[in-house]
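First chain A sits with chain B, and in the next complex the same chain sits with chain C.
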Partner chain A sequence: MTRWILGTVAATALLTGAAIAKTDVTIGLQLEPPHLDPTSAAAGAIDQVLYSNVFEGLMRFASDGSVINGLAEEWDISEDGKTYTFKLHGGVKFHDGTDLDSADVKFSLDRARAEDSVNAQKALFANIARVEAVDPLTVKVTLTAPQGNFLFNMAWGDAVIVAPESIDDIKIKPIGTGAFKFDDWKQGDSITLVKNASYWGDAAKLDKATFKFISEPTAAFGAMMAEDVDAFYSYPAPENLAQFEADPRFTVLAGNTEGETILAMNNKQAPFDNKLVREAVSHAIDRQAIIDGAMFGYGTPIGSHFAPHNPAYIDLTGNSDYDPEKAKALLAEAGMADGFKTTLKLPPPSYARRGGEIIAAQLRAVGIETEISNLEWAQWLEQAFRGKDFGLTIVSHTEPMDIGIYARPDYYFQYDNADLQKLMADFDVEADGAKRTEMLQQAQTIISEDYVNAYLFQLALTTVVNAKLQGIWADAPTQAIDLTAVSWSE
Partner chain B sequence: MRSLIFGLALTAMFALGALVSFVWTPYDVTVLEIANKLKPPTADHWFGTDHFGRDIFSMIMVGARTSIAVAVVAVVIGMGLGVPLGLAAAARKGSLLDEVIMRGNDLIFAFPSLLIAILITAIFGPSAVNAIIAIGIFNIPVFARLTRGAALSLWTRDYVLAARVAGKGATRISVEHILPNVANLLIVQGTIQFSLGILAEAALSYVGLGAQPPTPSWGRMLADAQTLIALAPHVALFPGFAILFTVLGLNLAGDGLRDVLDPKLRVQR
Partner chain C sequence: MLRYAIKRVGSLAISLIVASLVIFACIEVIPGDPASFMLGINAQPDTVAALREELGLNASLGARYLSWVTGMLSGDFGTSYTYRSPVAEIIGDRLWISLPLALIALGLTVLIAFPVGILAATKRGSWADMSVMGATQLGIAIPNFWFAMLMVLLFAINLRWFSAGGFPGWENPLAALKALTLPAIALALPQASILARVMRSALLDTLSEDYIRTCRAKGLTQRQALWRHALRNAMIPVLTIIGLQFSFLLAGAIIIENVFYLPGLGRLVFQAISQRDLIMVESVVFLLVFAVIMVNFAVDLAYAWVDPRLRGRA
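== the complex of A and B ==
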């Protein structure tokens, strides 16, 4: 009898359990991280899962892209702009129970800038001359020259603070200071995070968060429709978004990303070493048709390598308006009235695959024949990015404020312009806000008027979320899915 | 007989579409009209338009060209190499040559054909030509085995013995007496391999390893339509039907041909 009653009680508890507000969330993601160390790989998926959730840096990005204090409670810049003194929050503990102190910060920064460092963004730390632990909660960073964007650099996922005690296993067992602790990684399936009960800041509202990796767009559609996942970050099939918008169970967040989607041209390979040819290509392309055809209307046209939501943005789309007749005239002027043949290498995302077919048709209309090859990411990185064996390729550059890549002549599109290189070098050490904006605008204009690449559109971040889920970032100022403020509305 | 006519008619319809597409299609499939995308079937666009605003009817006509070309050449490769190998193996039954040929064929047979086709196109790059070679290689053992099996039984016939007594060599006997008598089997098998070739081409294109854009291909049309099914079912439906009816037509034609050509079946009826 007693057992029967207990059984009933248990069953009732199970049934009523469903009515209590959910405290866990499952986020769908297309790409799985290769490992879990944000400080030693460029893979965006690592930061998406771990940034701010598990790992924190001295500074951090807020949802609007501004840089705010992270583990640093306050900071001070010396008169000459060369010394930054960070005061850390007291009582911060790593997930393994050890205290965060200035020695950990020194370790993290020294590790990232070391000779043998494998940090994917070593340039962020290149200007650091010395890191000193003044007392357990004070760190002094001395730079070789004043650097206006040093605090911005310290907010990147590549600059998070790690502990020397747990560094050996970081790739499979990340130990950070964030509001969530790493719990489990089922390779090929999901990563689970659980709430960090002893978090130093505002505690997470969720008890558990699962990132589920679903690479197939059709499977993503099915998982979302069946409510197997509560949100799908960067939903891969824009054609389905209208359907989600019409469904009251879901909300579609259309946000900004830092993803400048470009038709990259190999500036050192004939005929793209000729500016007239590059200009012709830029005029042959109808951006709106690509946005409508490949992205189903999601995306903002750009005329340079710069994000439209950035305050320093200037609209330069007029430099390369859609004008096939002008394109033909420019080709004739370059001595190629009959057009030419080139390669177009396309990585997997639909902006590239679909966009590529549209671009191929638009280029064909002015006499440029393209041989399309669809590549997997690994092949693309090997052939196009590292091997520089391409004529044209389409890719979205999702790093924030990455116009500096144009000052790197060995970068895959191989643009070599001494004026721009000097401008970017000056920019790095300029601390005055107004001057920095002006310099950024100059840089945008130079690459736009040099037609380095054909600038297509700013990638929109389309995240499908359950209508009751609150606090998911609509924009992606950095590669992050910050869940610390996410909650259910019931 | 009825299935033969029906099958041939279906096949001829697609073959005709493919031929006509060389000189005329209702719309140019290389021109994209984004503003006109995903329109359901209308009087202007009989099968509607795809996600780039291209006319699906025109694309199916041009796609038939790709499918048929790949399948035909693959069958020709398979027959051209497989039949001589089979004849040679039968003529020298039990010899080292026979062993080498047939074990080589077993080796190819032992691998799942589509998997090897994917391997070949992955190594040499995706293109229609590589798809043809990949599918063609897998037709070789099919024809070699069929030819050898049929030829072996023919070699014991009296007329072959008579030819040998008359002093004809193995090669001449194979060509003049064996080949004509296995031809009917080969035609039937050829039809079936042809339909399998169309399916294989569609499968390779579907995974992106067949003909590359902008060349239309049924398999890639299906792959492109995959995420659009909920939005515009016709985009997936028509290339799907095209594959279905071509393969159905070829299989019916193959069955019908066997009924007509196989002497044993004819006697039974």
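== the complex of A and C ==
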């Protein structure tokens, strides 16, 4: 018995010894990617695992959301702003050993914008008229009109460069150019990446990275506490965060996301076709109460559909400050002094389910009765999003820089304003930085003053990490868990 | 025995055909489109249409039912809408976790329930019987997911003997068995409590039968009478419950699989429903129905084996 105990102690000592020189990491994630092709689905989990790690685009997002060089070493924009000439890095190899050349870039862009393309963000490529492979390392992209956003668009996960020879199996065996190679996928359990020894850029510091899929919040807590996982990205049980903060083994990273969380109103359905009613709803809502009650204090109030960490952000929360008396007065002015009844359709995330209950109570206080229905995502997409059969709904819009959706009159909240549509069209072709900022600010102001939706808060990203793990992004400028700079401290 | 078996096979086939129709009809009427789900809220309508075409969602209901059923007959369950790999392969992988888990849990159930039930019945009214009755009452009352969380707290977080969950794969059988230990205990405990109580009352019934008294009268000891005559006669209700429990353990481990994040069938079907991976849901549900029907078939045969009178009565 004593020998057995001694043996165990020795083994434990060995294990602890090994932990110091650790070169692998296990990241917990709530959702599993449905498949591994970032260019043919919207699922954020695909990008979280593969973006920058396995697949790279011409451009890429840095941790602060700025757009930096990816596979393109340099680029040149023609005078008229319609032609982009990209010079690719030399000596870049795909993980199967084949060379990256301009033909791969042409293939990737043409595939994404093709007639039968199933790219979830096909709009990113809508402006491309022609892609030409000038020589093996030079690609010329001609646009139908100048587009200020073009480089930004090329940084998205949906615009990564893939090779024609590996495209057939990409959904189960992704072959990219990144610092990590895809190794194994135990479906339902985990995905493993290993270091790409012949990476063209700065080599990864980790030898191996495993993404483990744990959907249940209590299981996430157990896995983190038992140190089965080294980090849990977007930790799903905010009620435990205080406990992790107090534990010296862990660090809680609280960062920003691109998720504007809004109470969307159906602008074409009575009574929300009346601006006074929309204004009343906006004033009836106490954002801080929702952040505290539904999000355990994590989240930044917003007054328009724009991310507070973006340099072009202006604080417009004053347009819709919490004022139930004013809300009642506005309802009376709209001829609805007695209030009205509407539907509130809630998709599954907790911001919607928990936030929805609080919003319903706040609206009831000014006389608006809501009939809450909890929907699964597929039902929500069918009824609210495609069918536009809703009065109110709560959604977080997680795509970066998506204020352009307000210029789409057929989008689910059905806001139709010719001025804003013109502004966004001009914005698309404007290349001057200062003017672009000014236009973005105008757009924020228009939709805020039109009370298109009630803007609630910017969704926070809370990631619990082992205190010794360095380099995990706190913010999520795109849905990515970029591990290229992650390492263990001594 | 043969005629009995043939009749059972006939009713088995009819059950399966009806089940396939009901499953297909129920699942196809759920609102929600797999293509829109996959492409999210920024996708353009023409992209969704292109994906629907690619997935073959534009074919008629009848045609899809026929291709599903005929495919299954030849072992081809179709291709998952979301994972885009063959449904049969995915189910096969998951079955390698769910089936061993159910078997281990059932084994534990029987190992606990039989001795405990027999002990309680033979020592009726004693302190042993009382404590068995109390403990099993508790075992039935405690929700298994809560018990599972308590075990995680104790064995994974405090003592660090086990991982909090996950499955390392069968390449390392010992690690795999270890990963299934806590989930199997969590699943087995309430089932063992139920089975022990059934065992006890079934035994008590048979022990008070006239033939047991006759056995004793011709000179068998209490123990001999129990093992040779009472136990076998008490097996009919016990087998019925074991059959139901196995089906339940195979299909009903969804919650435990989530608590221990095991990639089993329960989690697969749960995910597939929310992603509207209809063909996957249909196939998994059909497989589970098939398993339940097969288990019942096996139980029917087992009845006939323990009780020869049933063979003639089919």
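In the analysis below, the second predicted complex is superposed on the first by the 471 of 490 C-alpha atoms of A that agree within 3 Å, B and C clash if a C-alpha of one lies under 4 Å from a C-alpha of the other, contacts with A are read in each partner's own complex, and residues count from 1 in each chain.
In the analysis below, a contact is a pair of C-beta atoms (placed from the backbone, for glycine too) under 8 Å apart; a residue touches a chain by one contact, two chains touch by 3 or more.
Note that the structure is predicted; figures quoted are calculated from it, not measured.
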item	value
Fit or clash - chain C, chain B, common chain A	fit
Touched partner set for A:I77, first chain B, second chain C, both or neither	neither
Which superposed partner A:A133 touches (first chain B, second chain C, both, neither)	neither
Chain B versus chain C as contact partner of A:Q187, first or second or both or neither	second
Chain B versus chain C as contact partner of A:A334, first or second or both or neither	neither
Per-residue contact with chain A, leading partner among chain C and chain B	C
First (chain B), second (chain C), both or neither touched by A:L253	neither
Which superposed partner A:M401 touches (first chain B, second chain C, both, neither)	neither
Which superposed partner A:A361 touches (first chain B, second chain C, both, neither)	first
Chain B versus chain C as contact partner of A:I172, first or second or both or neither	second
Chain B versus chain C as contact partner of A:D292, first or second or both or neither	first
Lowest inter-chain C-alpha distance for chain C and chain B in the superposed arrangement, angstrom	7
Common ground on chain A, meaning residues reached by chain C in one complex and by chain B in the other	218
Chain B to chain A touching residues, read off their complex	30-32, 34-35, 37, 51-53, 125-126, 208, 212-214, 226-228, 230-231
Residue numbers on chain A that touch chain C, as the complex places them	32, 34-35, 41-43, 115-123, 171-172, 186-190, 212-216, 218-219, 222-223, 225-226, 228, 348, 376-379, 381-383, 385-386, 395, 397, 399, 402, 405, 412
Chain B-touching residues of chain A, taken from the complex the two chains share	217-218, 221, 237, 239-240, 242-243, 289, 292-293, 354, 356-358, 360-362, 364, 371-374
Residue numbers on chain C that touch chain A, as the complex places them	30-34, 36-44, 46-47, 50-51, 53-54, 82-85, 90, 93-94, 149, 152-153, 156-157, 160, 163-167, 169, 258-264, 267-268, 271, 273-276
